[in-house]
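Okay, handing you the structure first.
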Amino acid sequence: MDLGINVIEMLLYLVAIIGFAAINAAYLVWVERKGAGHIQRRTGPKEVGPYGLLQPLADGAKLMSKQLIIPAGVDKPLFMVAPLLAMVPAVMIFVTIPFSENLVARDINIGLLVIFAFASVNVLSLLMGGWASRNKYAVISAARAVSQNVAYEIPLLVMTITIVLVSGSLNLREIVFSQAGAFWHWNWLPTNGNFLGPITFIMFFICYLAETNRAPFDLGEAESELIAGFHTEYGSMGFGLFFMGEYANIVIGSALIVILFLGGWYSPFPEVVPFLGSAGVWWFLLKMYLLIWLVVLIRWTFPRVTLWSLLNLSWKILIPFSLFNLLASAGLVKFLG
Amino acid sequence: MNKANVIQELKALASEGMPEEPEVAAVAEEAAPEAEEGGKAKKAAPPEPRKNGLLEVDYARRGVHVDVQVAADQVVRAAEIVDAAGMTLEAVTGVDWINDKELEVVYDYAYTGGECFRVVVRARIPRDEANIPTITEVFAGANWHERETFDFFGINFEGHPQLEYLLLPEDCDFHPLLKDFKGC
Amino acid sequence: MAGYFTNILSGTKSLLVGLSITQKEFFKKPVTLQYPWESLEMTPRYRGHIQLIKDPETGSHKCISCGMCQRGCPSNCITIHSEKQEGVKGKVLVKYELDFTKCSLCGQCIENCKPSAIEFSKEYNLASTRKEDFHYDLLKRLKEQK
Amino acid sequence: MSSQALSQNNERFEVNLGPQHPATHGVLRVKLLMDGEYIVDAEPVLGYIHRMHELMGENRTWAQFLPNMGRLDYLSALSYNLGYVELVEKMAGIEVPERAEYIRVITTEMNRISSHLLWFGAFVLDLGGFTPLLYAFTDREEILDLLESVTGARLTYCYYRFGGCYNDVEDEFLSGCLAFIKRLRARMPMYHNLVTKNVILRQRLERVGPVSAEMCRKYGATGPVLRGSGVNYDVRKNEPYSIYPELDFDVPVYHEGDSMARYMVRMDEIEQCMRIIEQAIAKIPSGPVMAEKVPKMIKPEPGDYYHAVEAARGTFSIRAVSDGKNQAYRMKLRSPTFSNLSLFQEASKGMLLADALALMGSLDLVIPEIDR
C-alpha cells in the first residue's frame, strides 16, 4: 500500500517537474525575446496572443511540425541522441531542487553531487551533437564547448566545496537551513565563516554563465564565427530540444545559486516584518527569476569574449581566487567553528 | 619625399628607351597639354599615339601631377622609383585603344604622407601580345588590381603569383572591357 | 600585481555601467512602428515610381509625346506610344509604358520633361510575386484615378 | 595510416567562410585554411555580386551613369555621387553655385555619419553584442528620414546633378540636422560607456589585427584603416575639394594600428562630421542650387581625368578617359575597400578565427563596392 502511494506520489512529482521545466524553458524564450525587444527599444513578440504570450506555443507547434532532416554523412545514432541528452539531465536535476521547506521531489543527502553529476552530461550532448554533425563549424564549436566546460567546472566545484564546508552538508535543504533568517545570514555576504562571500558569489555566477554557454561566454554558438555552432545541422525538434535544454539549464543554475548563496526560500526581511517576513516558495521563485533576468540582461548588453580570454579568466583569475577562498574558509571553519 | 627627385628619376627612366632624341620629351612636356586638349582641331587626322616620356600636367584640370609613359618592361622600375619615394598604389587598370591596336596599362600612384602628389604611369602593349611584367613584388596590393585588369582586358601579367579570375566567374572565357567584346 | 587587481576592478565597473544602460533603455518606450497597423506619411520629396500629372484645367495630362524622358532614361524603362490624330496638333499619347522593375528612380525623366508632365508618385506599398505587375501604363493609371 | 599522414599538416583543414555567412555582411567568401582555431591562410574570393559598372560607364552618357553611383557603396552613396559629379564638372568646366556646394557637403557628411553608425552596430554585432546595433539604427534612422526629406530616397541616393543639386533644401532640413546633431552628441557618451569602455570589447580589439603603416602603403589601404595606422591622410584635407578648405575640422589619427584604433578613428570621425555640418549650416549662403549654364549634352575634351574624394571607407577615385563623345571611353572606379580588403590575407596569417573576424569587421567592408 505504501509502495502504491509512493509510486503515485512519484509520478505526480515527475509530471509536475517535467511541466515546470518545460513551461519555464518555453516562457524563458518569451522573456528573452520580449526583454531583448524592450532593451533594444522594440516591442518583441506581440502578435500571438496578448503581449505575444502564446508565442512559445506557436514556436513549439512550428518546430514539432517541421520535417526532421538528417543530413547525409552524419553519425546517425549520435546525431539523434545528442538533443535528448541536452534535455533529459536537465529535467532530472529538478528532482533534487527544494523549492521550499517541503516542496522537493526527492530529498537526497548528496543532492549537490547529483546535480553536478547530471549537469556534466550537458557538455557531452554538445560534443556529441557537434561531432556527429560532420560539419566543420560544429566540430570547432564542440571543441570549444568542451575546453570551456572543463576550464570552468574546476572553479565551480571548488567554490561549491567552500559552501559545503561552511554549511557542513551536501543536502540542499540543509544548506538552505544553514542560512535561515534575513538576507545578512545568507552565504553571499561574509557570514558563516566564508569571509569572501561576495567574491565567491560573483565568481560562481560567472562560472554558471560559462557552464550554461550563455553570453558573453556563448563561444559554442558564436553566430558571427561559427554560424550556429554545434546545432548548425539541427532543425525541427532536435534544435528545439537543444534550445529547451539550454533554457532549462539557466533555470537550474539560477535555482542553484538561490540555494547556495541567496538563502533559498527565506525572506530577505526579518521575520518581524509582517507578511513580507515570512518564508515561502514565492521568495525562492522571485529570487530565481530576478537572477534569470540578470542573465538575460547580460546577454543583450555585452559582446562575446574570445576563447583565449575566456580561458585566461578561468585559469588566471577564477581558479586562483577560488582556491585561496577555499583555503581561507577552511581555516576559518577550523579555527572559529 | 622629394617631388623633383621622383620626377627626375621617372623622366630619366622614360627617356631610356629613346636615347637618340632626349629633347623630344622636354618638348612634349610643354606642347602636350595643348595637344591633348586641342584634340578637336586634329579630328581629321587621328593624333599619333603618344611617345614615351614624362608630362607635367595641369593638376586642377586633370587630377594628376605627373603623367609618365614608359615601355612595358620599365613598369617595375617605375614602381620601384615611386615606392622608394614612399608613395602608394591606388589602382592598376587598362584602356583598350583598339584603333591603335594597343592596350594601355595604367598605374595610379599617390602620396599619402603629406602634400598631395599623384603620378600616373602608363605603358602600351600590343593588343595581340598583351604581356607586361607584374609589379606585385614591389606593391603587394597590385595583386588584386592586376587580377582585375586580367579579368577585364585579358592582359597577362608575367610573374604574377596567382593570375586567375577575380571578379568574373572562374570559368568565363571573355574579357568584357575589350572594345570588341559583344556581350555574352 | 596592483595592475592585476585594478584591471579586474575597472573591468567589472565597465560591465556594471553597461548593464545599467541597457536596463534603463528597457524602461523606455519602443521607437519602432508596428507596420501593418501603423504606417508613416511619405515626405513630399519621396520618390515612388513616376506618374503623369493631372492638369487641373483640362483634366488630362500635359505630355506632348516628345520622348525626352525615354531618351534620357539610363535603364530604358520608359516606352512611349503615340499617334497622329486628326484635328489635334502634334502627336497624342496613347500609352505610357513604365517598366518599374528596371527603374532606379534617378529622376532624369522628370528633369528632361519640358512641359513638366510627370512627377514622382508616393507609392511605396508595392509588393508582388510577378514582375509583370510592375509594368505600368501610366496613361491608364491616370484615367483610373479620375 | 602512414606516419606522413599523421604529420602536422594533416591537422589542417579548409573552411569556407561564406558566401553566405553572418560575419561577411553580404556575399564575400573567404577560403580559410585552418590549423585548429588558427588561420594558416585566408584567401578572399570576390565577385559574387559583380555587376560590371565600368562597362556600363562606357555604354551610357555621362548623365545616365549617375544612378550607378548610388549602387556601389549603398551605405555612403552620396560620397560616390559627389566624386562623380565633381569629376564631370572638372571635365566640362562647370561652375557650381556656392549654396549647392554647401548642401552637398552637409548631405555627404550626414551620409558619412549614417555609414559609420551602421558600421559601428554591425561591427559590435560581429563581436557578439546585439543591442548596440539597434541603438545605432535608431539614430541612423533619423538621418535617413532627414535625407529622405531632401533626396527622396533612403539609401541609393541620386541627388547631385552636374552643376548643382536636384532640388533646394528647406530650412526645416537644416534645423532638423542641427537637432539631430544635438541628439547624437548626447547619445555619444552612451555609446562610449556601453561599448567603447567595455572591458570585453577592449580585450577583443586592443592589440588585435595590427596593420602597420607600411603594410597600408604597400596595399594601398586608405581611409580609417590608414588613419588607424598613424598616417594622417584624408583627401578632404590633403587634396581639398568642394568647400572643405573653408571648414575647420580635424582628422582623427591613431597610431596603434590595431582594431581598436580603427574603431576609435571612426567614432571620432562621427564627432568631426558633426562639427563640419554645424559649420556648414552656419555658413550656408542663399542663392541658386543649379548652375545656369550646364550643357545639355556633355562632351568633355579628349584625355584622362582623375578625381578622388574621401568616402566613408577611404579614397574613392575615378579615372575617366574621354574621347570627346558624350560617353566615357573608359571609366575606372577605384573603390577603397577593394584595396583595404586585399591586405586581409597577409594581416590575418596566424590569427585566431575570432580575432580575424574582428579584423575583418574593422576594415568596414561593403561588398557591392568591392565587386562593383
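Per-chain numbering from 1; labels A, B, C and D assigned in written order.
Keep in mind that, in the parts below, a residue touches a chain if its C-beta (ideal position, glycine included) is under 8 Å from a C-beta of that chain, and two chains touch if they have at least 3 such contacts.
Every value quoted in this text rests on a predicted model; they were computed, and no experiment measured them.
**Q** More contacting C-beta pairs: C-D or A-C?
**A** Output for the comparison: C-D.
**Q** Between chain A and chain C, tell me the centre distance in angstrom, where each centre is the average of that chain's C-alpha atoms.
**A** Taking the average C-alpha coordinate of chain A and of chain C, the gap between them is 50 Å.
**Q** Rounded to a whole Å, what is the gap between the Cα centroids of chain C and chain D?
**A** 24
**Q** Distance-wise, how many Å sit between the C-alpha centres of chain B and chain D, to the nearest whole number?
**A** Comparing mean C-alpha positions, chain D is 27 Å from chain B.
**Q** Mind checking the centre-to-centre distance between chain A and chain B? Centres are C-alpha means, answer in whole Å.
**A** 65
**Q** Going by the contact rule already set, what residues in chain D reach two or more other chains?
**A** Each of 131, 135, 138, 194-195, 198, 200 in chain D touches at least two other chains.
**Q** Quick check on chain B: which residues sit in contact with 2+ other chains?
**A** If we look for residues of chain B contacting two or more partner chains, we find none.
**Q** Could you list the positions in chain C whose residues touch two or more of the other chains?
**A** Where chain C meets two or more other chains at a single residue, that happens at 15, 18, 21-22, 25, 31.
**Q** Once the touch criterion is applied, which pairs of chains come out as touching?
**A** A-C, A-D, B-D, C-D
**Q** Across the complex, what residues on chain D touch chain B?
**A** 46-47, 50, 52, 54-55, 58, 87, 90, 216-222, 226, 231, 233, 238-239, 301-308, 315, 317, 319, 321, 324, 329-330, 332, 334, 338-339, 342-343, 346, 371-372
**Q** For chain C, which residues count as touching chain A in their complex?
**A** Against chain A, the touching part of chain C is residues 8, 15, 18-19, 21-23, 25-32, 34.
**Q** Could you please specify the touching residues of chain D with respect to chain C in the complex?
**A** These residues of chain D touch chain C: 60, 63-68, 70-71, 131, 135, 138, 145, 148-153, 156, 158, 161, 166-167, 190, 193-195, 197-200.
**Q** Which part of chain A faces chain D closely enough to touch in the complex?
**A** 36, 39-42, 136-137, 140, 143-144, 215-216, 218, 222-225, 227, 300-309
**Q** Residues of chain B touching chain D in their complex?
**A** Touch list, chain B to chain D: 36-37, 39-40, 43, 60-64, 67, 86-91, 93, 95-96, 106, 108, 110, 112-116, 118, 120, 139-141, 143-145, 152, 165-169, 176-177.
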